[in-house]
Every structure is written in structure tokens, then in C-alpha cells.
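In the two complexes that follow, chain A is the common piece, with chain B as its partner first and chain C second.
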Partner chain A sequence: MLNKQRRKLIIPFLAPSLILYLVFFVYPTIKGLGLSLYQWSGFKLPVTFIGLENFKDLLKDDNFLVALKNSLFLFFVGGLVIFAVAFVFTSFLTSGIKAKDFFRGIMFFPNVIAPIAVVTIWQFIYNPRFGLLNGLLDVIGLGKFGQSWAAPGRIFPAITVIIAWIAIGYYLVLLLAAADKIPQDIYDAGRVDGANTWQMFWLVTLPMIWDVIGIIMVLWMISALKQFEIAYAFSSTGNVPVEAYTLPIYVVVMGFGMREPIYKLGYASAIGCVLLFIVVILTLLIRRIFKRENLQY
Partner chain B sequence: MKKTKFAIFVLVTLSMVLAACGGQATQAPAAGATEAPAAGATEAPATGANVSLIYWSMWNESEPQADVLKLWMSDYTTANPNVTFEVTWAGRQVLTKLQTAISAGQKVDFLDMEGPALRGGLVINGQTVPLDTYLDQKLAGEDVTWRSIFVPGTLEELVADDGSTHVIPYELLTTAIWYDQRVFDRFNVQPPTTWDEMMAICSTMKADNFPMFTIEGNADVYNAMWYYTLIERMEGPGKLLEAAQDKTGAAWDNPNFLLAAQMERTLWDNGCIIEGGEGLQWPAGQMALANEEAAAELVGSWLPNEVKDSVAPGFVWRSFMVPNVPGGVGKSTDVEVYPLGWVILKDSQNQDVVADFLKASMSKAHSQQICDMSVNISARADTTPPVALQDATTAYLNATAFFLPYDGTNSTIPEWYNTFLKFHGQMFTGLITPEAYVAEMKAATIDFWK
Partner chain C sequence: MDANIKQSSQRNRGIDRLIRRITLIPMYATVSMWAFFNIFVILWIAIASFKTNRELYANVWSLPTSLSLANYIKAWSVVKMDQLFLNSLIVVSVSVVLTLIVAAPAAYILTRVTFRGANFITQFFTAGMGVPAAILFIPLFGMLAARGWVDSLPGLILVYVVLSIPFTIFLLTGFFSTLPAELEESAAIDGASPLNVFIRIMLPLASPGLLTAAILNFVSTWNEYMIALIFTTSAKNRTISLGLYSLQSSMQYTGDWVGMFAGVVIMMVPIMIIFVLLSRRMISGITMGAIK
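This part shows the complex of A and B:
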């Protein structure tokens, strides 16, 4: 009897959030999918139905391919760097080190700085004439390796480093939160068995937080593919060089023109649809890779 | 039964919310539907009727130009107490925001922005009204028509395809090579009139281990100024746009398109450009000029204003245009015209009032405030320019021809322009050769028009 009454209560409690979700997420998504089949400047009419032409044009669009390549580069290469460093620090910080919270705070710090400030710092670091990076190389006798780090051919890897620098702390905190849930007696048992720090991490920590890693990977994938602000801020002048395009930047360039009057809202919607499709596919893929039986401890 | 009622309630509520979201914001797309632009008819408000003009500006409220505009609006309201202004300081993304606003049915009477963007974004999309009738009227208190006060030739540069005038410039920018007179004096050199003279100056400075030019490595919009200006000097105005619109790509076989790229590379090969320039992130390049690490920079006339607080004491601003090239059709006296201006939107119910405000704002006294308060060139010919922009203003007034920024490619075919910037940036910074650049541009142009 009580269960039946409680079930009735679920609907009114669920309805407001469900309606908001449908209105502000599902409806715009469907609308965007529909818009991708039209040619439209965004300035009222005319709106012309062109079927899949926008998607066909994407395949021939070199600038779209640059944006796609950059977004995937950020996800894969940036992800590799972020998680390699985050895992090393997780291993280090779960080894019983003192001042763990201090190090965690230091690593998280870039996340609390405004992106524009972060970018300004890195522009100074990359400056080829008096920048910190070339200066450091000079000091340690490797001056011959000094570069124009943010030159057009290297601009996206340079941006990827900035994003990784910010993101490492964020994902480290998540990994550490997961690792903190592992019972101490499992580590104690490992130590009794003679496991070193690396073995403890590889054979105890990593398997025990495997499901959390899966979720973190999805979070990073979404964060990487929707990256806009750092690449935009790094261009400084408001005109992002094509070499620094990501998919979201290209959506804005084609749909809203930024400072150039392009205004192809249907085409921009098609790019958005591709982005959505990639996110869905990669999410399913990551969830499948990280799927396993729940651990009880 | 109760469940069914509740489900119906949810569905009806949802439908109403969705319908409200749809509405004017996103009119149901109809296949091939078109809408003829309104005739621009307007009903003048009755004398004394209160009017609130909705104005969107490209400036941020803290910028000097915003102060000038605020003053103009204040003066107009003082003279016409029934007219007030609702201003949105939208910044450089004003057109992006306007697009959303128009789609949502929001009313905007008029706005300002870079002229080429206004033409490409609004005029050719039929969102603005022609203003020729107003331009042929006399200005209040002056015995001249509004049309006659502009720097000769500038008003005509942004006319619509049918020749009507929709964009009213109030400020003019141009691109020139900016330098500190003291540095040129130190090397005992004069502004060059030919490319060879410029390279000789570069060699003189290089001998003293001093680079002639600084650049902004990441600002491909700045670096491309070299190319389209050189093409203008070789071929005259409009030739880059012609090549961009040549569906066969054959125009790119013209050897001058390659020669211009090779000349840019000689700037690097001869050490004319500051070391590490390709990696300088704006504003590091212009700061190098302000700090006297380089002698000059090719950039827009906004530069003196942007770095006025950073230049060394005694910095003497001078400028010269990209010099003549051997056998060129264009001349160093041909000037890039880059107007900032207003348009009146076709859905405005206050077109006459807005036009009257614009006319009032272009009085000599008001136009002079653009020079004095915002350190820029006024679109009105009889103003006195700021000292830093004297050379550029003289060039404007004595121009033998005008050409648009990027030769008009950014406003006419902005997608092509983005591709041009990409390949040009790669060539300019040495990632690809001039030959590869021309081949890429030819192929990209053919692809673009397919």
C-alpha cells in the first residue's frame, strides 16, 4: 500500500526536472538535427531544405577536417598526457606520503584561475624572445632547442599543453577521491607481501578504481571535444587561426561568423551533429572498454 | 484514469512550453521559403512623441569610442528631449548577438560595426535600408549635403550590389607601416617609396643587428596584410578578389601571385623580421615596436591608440604605406579604406529619427571628437586628425585609389578568406614554400566554387 502511494509521488517530483530536461536539452538537440538539413543564414527567412548536403560538404571541407583532427588530437594525445601524469601523481600520493592535501591543492590550483589569466601566463612562457621556456632551456644548457613554441605549425600542440596543465589537477583529484575509498587493509596486505609503490598502484589501486576511471575518461572526452575557451583566448585578437580550430570553434565560425560574416547556421548545426555523434560513439566505446563486474569491498 | 489525466497534463504543459520556445525564435523552416525584404518604409513619429531608439554598438562601454558615442547621444537627447537611447555595448561580436536577437524577434533600430562585416552580414542579407535619400539632404546648420562631407570615395566603397548606400561610416581605419621617427632618424633613413628602398633600409638596420619589422605571429589577419597590399601594388585594386572568384583557378597562374609571396619571404630571408616573430602572440609584436626592439610594423591605424600607454617617452608616431613595386599597376598612394559605420535595420519603426541622429552626429564638432577623444580618423573630411595619424589621414585625403581590407574577400566570400588566411599564414611563417602556397590557393579556389 505504502509502495503504491510512494510510486504515485515519484511522478510529480520527477516531472519538473523531466520537463526542463526535455525543453532545454532534448528539444534543442532535435531542433539542431533538423536545422542541419537546411540552408539558413540565421537572419529569419529564407530557409531552404537541402537534405544531407551540409554533411556532404563537411567531407570536402579542409577547415572542418583541421578542426576535427585538432579535437581528436586533444582527446587522445592530451588525454594520454593528462592521465599518464595523473596516474603517476596518484601512485605517488597514495603511497602514504605526508602533506598529501598540500600537493593535491597545488595540482588543482590551475583550475581556479580564469582561463584568460592562464592563457596570458602561457603566452609569456611560450614567448620566443624572453619567454620562460626558452629561458629555462638556456639556463640548463639546452638553448639550442629553444623554439617559437606557439608558431602556426606548433600552435595546437602548444594549446594542448595548456589544457593538459589545467586538467591534470582536476582528474587527479577525482582519481584520489576514488583511491581514498579503497580500504587501507588491502594496501597493508600488499605491503606485507612486499609490493613496491608501482606494484601497489598497478595491482591494487588501478583495478579497484577501474569503474571510476571509465567515468573520468568519459568526462575528459566530453571536455576535450567541447573545448573552446582556451584556443579562443590563445588567439588574443578574436580571430582564431585555422590551425587552432576545434569543432566548437568551427561551429561558431560557420554559424555566427565571429568577426567574419559567414552565417551558415544550417552548416554549423551539421558540425554540431557530427560532434554529438562522435561524443555518443566514444561514450559507448569507453563504457564498453571499462565495463566489468562491480567490486564489493 | 488518474494516470491518464496526469500524462495528458504533462503533455499539454510540455507542448505549451515548446510552443513558446519555438515561436518567432525559430520559424518553422519551410522548403524554399523566401521573404522579400521590406521596402524600408517608416512612419515618422509625431513631433514631440516619445521615441526610444534601440542601438547596438561594437564597442565595449569602457572604450574611448563608446565615450564619444555616449556624448553624441546625450547631445541629441538634449536637443530632442523626446528621443532617448537604449544602448547595448555588445563588443566585436555584435553581429553574432544581433543574429540571435533578430531570429527571436527582438527589435533593434540601428547598430555600428566594421563596414565590411556590416555589408557582408546585413546589407547583402537584406536586413538594412538604403540611406541615399537622407544622404542627399542638407546637414543642419550647414549649407552642404550629408553625402558631401565624407572623405572622398570612402562612402562608395561599401555600397550594396544595386549601388545604394546602406553603411554610413563615422570613423576610418587603414593599414600602414607604423614607425618611430626617432628610430629612422637614428639610422638616417627616410620612409621608402619603393620596395627596393625598403629592403635597403632593412639592410642598413640589419647591419646594426636591428630588425626593421615586428609582427604578430599568431595574428594571421595581420600577416596577410602584406600579401593583399603587395597584390594591390602589383595588380591594382580588386585583383585578389577576382582571383578568389575565378572558378577555374586560372587567375592564380598570374606570376604576380607567386612573386608577392616570394617578396614576403625575402623579408624573412633578409632578416627584416624580428627574430622569433613567428611565435609572438598578440600583442607581443606591437609591444616590441613600443619597446624599440624593432623599427616598424605593418598594421591598422588603431595601433597608436592601442599602445599609447606603452610607448617610450618621446615616441614620434609616423607611418607610410607599403611602397611601390617594380612595374606595378597599383601605387603606394592607393589607400586601404576600412570604415567603421552604422546601418539602420529594415524592421526599425524609427528610421527617420535614427537618420536624423546620424546626421547630427556627423556635424563637424561631433566628428572632431572621434579624432580628439578616441585618437582615430574621422570619416568627415574637414576634421583635424590626431598627430599620430597625420600621415595616414593625408594619405586618405590624397588617395589615388581605394581598396578594401583583404581586397574585399573577407566581406564577400568569408569562407574562402578563412582558407586564404590559413595557407598564407603557413607560407608567411615558412611552413610551406611560396610555390606550394600558390598551388594550394589555386586548388582551394577551384574546390570552393565546386
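This part shows the complex of A and C:
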């Protein structure tokens, strides 16, 4: 009876968000995909159909290849670091450490700081002249290793470290929540059988949360490929060096320009297309890898 | 003899416990170092924001000689922070509330009423979380520019609301589906209209979920600057994070690090307050959707 009455609410309750979503999210997304086949040099100018020309140009565009390489580097290499550390911390925090919530909170904390503030903090940490990192090395007598940490040539690795610093806390929270779902008696049984922390992690925790790890990987992949703000702010002079490009940055650079407007709108849309395509492919791939029959427990 | 066995097994258990305690030490050390670094960096920035640049250059580790607010006053006035702070407060609060107003009823209907297509529509919404904004903001910019909505606070609010819809519906459908059905049913039997059931019964029950969605949206919108950078152009419509961005750009030329630190602290204060009060809710919120 209730269900029947409530049916009257379906349309008025659903319409506002569905209309907003269709008009201002789905429609521009589809239009963006379509625009990749056009040449369009300004919002008020007409568009010209050029087929796959934009995509052909992308393959010859060195800046695009740098952006692509950086985005994938962040996902793979950054991801490797992030999950290695996050897994270690998860296994530590689930093996009986007190004040677990405190540690989790402090490690999550970088996630709530504005990216622009995070970048300012790290520029200072990296600063060769009076930065925290070199200062620290001096104090512990390793001053000779002091250097310009974010010098040209290693800008993107330096950016990746910052992103990892933030992301480790985020994925730690997710992994801990997943580990909390594992029944305690399985651990107790493992302990009785004499398993150590390391074995416990590989043989109990990891298999038990395998499917959740799949979801977490998809989340990381999407957030890595969306990465714009840390990398864009890192040079902070309003002119991002090519070395720091990610795919979303290159979309903005081509679509709007930095100091001087560019307005290669069709070309920028083609980059966005590639980005979306990679997200879809990697989502399917990750799902495939992490798919398996649900464990019974 | 029995007593002997008992004693030795007790001793073994004692040794086991001791070993376990000892293996915990390096674990404590590692997580403590990481936690210490996080706290230290923030404290350090806060302390340095009271120093002068000369003090900073002379010794990174020194404490400020006087508790002067000069850096704050400068950071505040250089980029006309009061305007930006107010803009951010308006834009972020309004878009957070509007997002809830449109997303909560939709999430409710999608989880509590069974109808054909409900599942599909939910997935259709949440698929938006995987769409990088980079693919859609060029057409969106064109659409808004054609109506004169670019570079205005209402236009920016619209973009924030639209971009928050997928995540908010994802979060709230997860939350609504955990609520018990009994209260709803008994209220309906007592003759309450479906709309009344939603407003009087379900919304109060769902308030922890709504609050979580509001906090997470508030923090992410307050902190973000990519959308604001693209969709606003004039100084009077910029938000606080863009203010910090331009502060960072101008002060890096002049080497005014302490001024930048003051800007960082100004930007962090509202978020720090939210985090200290509500970190538990935020943390449970980000796990709500991913780990069921």
C-alpha cells in the first residue's frame, strides 16, 4: 500500500536531480565526446568537422605524450607506493596497536587541507635554500645529501610524492574499514595456528578483502587520472611547465590557455575523450582482475 | 605434575605475549613517525606564519621573536581576502544545501520505492563519479557563457551542485538503504501522506547521512580551485582557494614565504574546525559507499 502511494512521489522527487544531471552533466559529456571530431577555435566561432584529425595530431604532440605518461606514471608508480605503504599501515594498525583511531585521523588529515595549501607547504619542504628537508638532513648530519628536490627533471616525481602523502591516509581509511569487517575469530584462529603478522596479512586479511581492494583500486585510478590541482599549483606562477602536465591539465591548457588564451576547443575535447576512454578501459580491467567468487564467511 | 604442565604453558603464554608486545614496537615507531611528520608540518607552518622573512631565512627552526599578526594582515589585504572569504562561504554553503535538496529526495525514491529502472538510474547517477570533469567543462562553459552565467556566483553554484550530484546520490542511496522500514510503514498506516512520511520520518532518520554528505561536499568545494579557475574570471567573483593561488604566485616572486604561510593558515582554519569536531563522521562517510 505504502509503495503504491509513494509511486506518486517518484517523478517529483527524481526530476530535479535527474534534469540537472542530464542537462548540465550528461549532455556536456556527450557533447564533449562529439566535439573531439571538430575544429573549434573559440566559443563564439563556428565549428568545422574534421573527423579523427585531432586524434591523429595528438599522437604527434609531444606535450600530450608527456601528459599521458605523467598521468599513467601517477596511477602505476604512485599507486604502487601508496598501496605498499597503506597496506603496511593497515596491517600494523590491525595487529593490536592502541590509539588506532588517533593514528587513522592524523594520517587522513592531509585529505582535508586545500590542495593549494598542501602545495605551498611542500614547496617549502622541498626548498633547496632553507627548506625543511634539507634542514632536517643538516640536523642529522647528512647535510651533503641536501639538494633541490623539485628541480627541473624531477618535478613530476616530486608532485607524485605529495599526492602519495595525501592519498596514503585516504586509502588507509578505506582498507581499515574493509579489514574491520573481517570476523575476529578468523584472526584468533590464525594466531592459535602460530601465524605472524606478515602471514596473517597475506593469508587472512588480503584474501578476505580482495573484492573491496578492487573497488579501492578503481577509486584510486579515477582520482589519479583526474589529478589537476596539485600538479597545476606546483609551479604556481600561472605557467605550468610541460613536465608537470597531466591529462586534465593539458585539457585546460588547450581549451582555455594559461596566461594567453588558446581556445583549441575541439583538440582539448579530444584529450578529454582519451582520458575518459582510459578510465573506462582501466575500470573494466581492474574489475576483471579483482573479480572472483565471493568468499563465504 | 599437572601443576607443572600448567605452569610451563602459562610461562609460554607469557613469552608469547611478550614477543607480540616486542613486535609491536617497530610498528608503533613507524606509524608514530608518520603521524609526527603530519602534525609537525602543520604546526611548523602555523609557527612560521608569525615570523618575519628575515627570521625564517636566518634559521628555519627558530621560534618567532614576537607574536605579530603582520603577515596575516598583509595576506588578508593583498588579495582582498574578505571578499574572497565571503564569496567562498556563500558559494559553498548554498551549493551544499542545494545539492542536498535535489539529491536527498532522489536517493530516497531510488532506494525505498521499488520501481522498474530504479537500479539503472542509480547506476546512471553514480557512473558520473568516473567521468573526469575535463571532458565536460568545455561544452558546459559554452552553455553557461551563452546565457551569461559564466563569471557569476550563481553560475559557479550551479556547476558545483551538478558536479556534486553523482557522489552525493552514491553516498545517500547507500545510507537510505540501511534505514529500517518499520517506522515508515507504521506512519503510513496511521494515515500520514507519503510526503509527510518522507519529511517527518525519513529525513530526521537520515540526518546523520545528510550531515555526512554536507560535510564532505563542504570540504571538497571549499578546497577546490579548478572549477573556480575556469568558471570565474573577474576578481570580485573569485573564491578563497583562488585567492591563495594568486597569493602564492605573487609572493613567490617576492620571496614572501611567511606571508604565504599566513594565507595557508587562513584557508585551513574553517576546515580544521570541521575536522576536529567531525573527523569521525567524515571518515565513516568516505567508507560508507565503497565498503558496504
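What to note about this one:
In this text, the second predicted complex is superposed on the first by the 271 of 297 C-alpha atoms of A that agree within 3 Å, B and C clash if a C-alpha of one lies under 4 Å from a C-alpha of the other, contacts with A are read in each partner's own complex, and residues count from 1 in each chain.
As a working rule, contacts are C-beta pairs under 8 Å (C-beta built on N, C-alpha and C of every residue); 3 or more make two chains touch, one makes a residue touch a chain.
Owing to the predicted nature of the structure, the values given are computational and were not obtained by experimental measurement.
With chain A as the common reference for superposition, the partners chain B and chain C occupy clashing space. Judged by the touch definition given at the top, the superposed model places A:V279 against chain C, while chain B stays out of reach. In the superposition on chain A, A:T29 makes contact with chain C only, while chain B stays out of contact range.
Of the two partner chains, chain B is the only one touched by A:F234; chain C is not. When both complexes are overlaid on chain A, the residue A:P207 reaches neither chain B nor chain C. Between chain B and chain C, the partner in contact with more residues of chain A is C.
When the two structures are aligned on the shared chain, A:G143 is found in touch with neither chain B nor chain C.
In the superposed model, A:K60 lies in contact with chain B only, and not with chain C. Of the two partner chains placed by the overlay, chain B and chain C both lie in contact with A:F256.
Look at A:F49: by the touch rule set out above, it reaches chain B but stays clear of chain C. Residue overlap on chain A between its contacts with chain B in one complex and with chain C in the other: 27, 31, 35, 43, 123, 129, 236-238, 252, 256, 265. Those residues of chain A that touch chain C in the shared complex are 1-3, 5-10, 12-14, 16-18, 20-21, 24-29, 31-33, 35, 43, 88-89, 92-93, 95-97, 101-110, 112-117, 119-121, 123-125, 129-132, 135, 139, 170, 173-174, 177-178, 181, 196-197, 212, 215-216, 218-219, 222, 225-226, 228-229, 232-233, 236-238, 247-248, 251-252, 255-256, 265, 268-269, 271-273, 275-276, 279-280, 283. Touching chain A in their complex are the following residues of chain B: 6, 10, 13-14, 17-18, 21, 26-27, 29-35, 92-93, 95-96, 99-100, 102-103, 114, 116-117, 119-122, 125, 127, 216-222, 274-284, 288, 293, 410-411, 414-415, 417-419, 421-422, 425-426, 429, 431, 444, 447, 450.
Chain C contributes residues 20, 23-24, 27-28, 30-32, 34-35, 38-39, 41-42, 44-45, 56-57, 60-61, 101-103, 105-106, 108-110, 112-115, 121, 125, 128-143, 145-146, 158-159, 161-163, 165-166, 169, 184-185, 188, 193-195, 197-198, 219, 222-226, 229-230, 241, 244-245, 248-249, 252-253, 257, 260-261, 263-264, 267-268, 271, 274-275, 279-280, 282-283, 286-287, 290-291 to its touches with chain A in the complex.
If you check the complex, the residues on chain A that touch chain B are 11, 15, 19, 22-23, 27, 31, 34-35, 38, 40-49, 60, 62-63, 66, 123, 126-129, 147-155, 234-239, 241-243, 252-254, 256-265.
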